[in-house]
Amino acid sequence: MSNVHSIPINTLRKVIGQYIVIRLKDNVKYKGKLQSFDQYMNCHLNDAIEIIDGEEVSKYGNIFVRGNNILLVQLSADDL
Amino acid sequence: MSNVHSIPINTLRKVIGQYIVIRLKDNVKYKGKLQSFDQYMNCHLNDAIEIIDGEEVSKYGNIFVRGNNILLVQLSADDL
Amino acid sequence: MSNVHSIPINTLRKVIGQYIVIRLKDNVKYKGKLQSFDQYMNCHLNDAIEIIDGEEVSKYGNIFVRGNNILLVQLSADDL
Amino acid sequence: MSNVHSIPINTLRKVIGQYIVIRLKDNVKYKGKLQSFDQYMNCHLNDAIEIIDGEEVSKYGNIFVRGNNILLVQLSADDL
Amino acid sequence: MSNVHSIPINTLRKVIGQYIVIRLKDNVKYKGKLQSFDQYMNCHLNDAIEIIDGEEVSKYGNIFVRGNNILLVQLSADDL
Amino acid sequence: MSNVHSIPINTLRKVIGQYIVIRLKDNVKYKGKLQSFDQYMNCHLNDAIEIIDGEEVSKYGNIFVRGNNILLVQLSADDL
Amino acid sequence: MSNVHSIPINTLRKVIGQYIVIRLKDNVKYKGKLQSFDQYMNCHLNDAIEIIDGEEVSKYGNIFVRGNNILLVQLSADDL
């Protein structure tokens, strides 16, 4: 991986402070403002909501999502 | 990960001594006072309760939750 | 692995900027333009769509797919 | 992890020789005297019993429980 | 592992350019010409077909199969 | 782990040559004489039997059990 | 692991060229002549057959079985 700027995790760095949507393996989603993350994709979100089958079911001031449960992350910004 | 203060696990450090809620993959929750944790997210809670489907079902003086079973951690503090 | 150019991940490097299809274990597919990837096969796609049972069900400006969920990657180019 | 005394596994060290309860992922429990453990949470218990649905079903002089199956560990001591 | 030539992955090296059949855990098979592989058994096949229940269901110019999903690999050559 | 003699795997060393019972995740058991093991808990047993639902179903001169499938190991000796 | 000759994988070395039976987690078996293996228990067998519910269902000149799917290995030799 010669070019360190081209790896996916570096793109996450650009959206710190923005809202992202984390989808877990069992189709639950968490939308919140990305505060921090690490190389395992553990994410700290604040102002977060939990979405199941398209419905907002819970609200959280601050949550940690453990990276190994994550299926994908949607970024709201279109130009990255 | 140039800025060591921006990783999620460091935020956990700020809530040691506070009550957190750990959600496991099978939707069981443990609420307790965070005593310590490590890089695997293994957590030691005291004054803990187990919550299944919103009901408190058990009480524990001290428990260890193995990190690899953790789905997410809710922090009660809103400003972190 | 004496010849570093012969490993599969190097072929992915050749298709950066091209559309690929990522198939997950549960038969969901994501088609998008490969922006970056890393050694875990974490992939950043943009202009992406989600395909379930052959139907396009969602559209994403930018997504990250966590590598450990990936079953296979189809490359649109035939000569690699 | 600057303070080595604050990690969960060190708390286990304090209860060597005491009875603990190990809960596995499939809700089986083992209660026994903790003889030793390692960093994977592999535990050696003696004078152990197996508990399924609250019933004691088996008795073991000495057992090893492989750490990766462990969901949580309950400590009988309240002040740790 | 004193004799480096006796490990299974070295045998794969001998069949580069030949057709192999990769069987996944869920009994899907991919037959294609082995282009490259790595130590995780990630494989790059070209001129590949997907076989489910003995039927050819898809055709791919180039695919990557992630190694951790592989159950076994059948080699067409009999003398290796 | 300051005291190397206190880890669980060292206790296994004391029962080499003795009969142990290995329980797998799916409740199958193997009873045999422990010949050797390694740090993954891979075990080589000889004069082994397979026990399903309390019934002896098979007999093996020599078997290897892969450590990652092991739930627990029962030691027949009571004083360790 | 002071005595390198006492680990299970070394016993496999003694049966290279002999027929072994590999049992997978889903109860499928492969019987074949062990050609080589590595530390992950990846095995290369030749003159192999696949056995499901006690019936021979397939025949393979050469197969690789990925180690992480292996439950146990039966050795035909009784004195090891």
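A, B, C, D, E, F and G label the chains in the order they appear, each numbered from 1.
What we mean here is this: a contact is a pair of C-beta atoms (placed from the backbone, for glycine too) under 8 Å apart; a residue touches a chain by one contact, two chains touch by 3 or more.
What you see is a predicted model, and the numbers here were worked out from it, not measured in a lab.
Note on connectivity: the fewest steps through touching chains from chain D to chain E is 3.
For the pair chain B and chain C, chains touching both partners: A. Per-chain CA centroids place chain D at a distance of 34 Å from chain G.
Per-chain Cα centroids separate chain E from chain G by 19 Å.
Each chain gets a centre from the mean of its Cα atoms; for chain C and chain D, those two points are 42 Å apart. Looking at chain G, residues 68 sit in touch with two or more other chains.
In the cyclic arrangement of chains, the order starting from chain F and heading towards chain G is F, G, E, C, A, B, D.
Residues 16, 24, 30, 35-39, 42-44, 46, 60-66, 68-69 of chain B are the ones that touch chain D when the two sit in their complex.
The part of chain A that touches chain C in the complex is made up of residues 1, 6-12, 25, 41, 67-68, 70-80.
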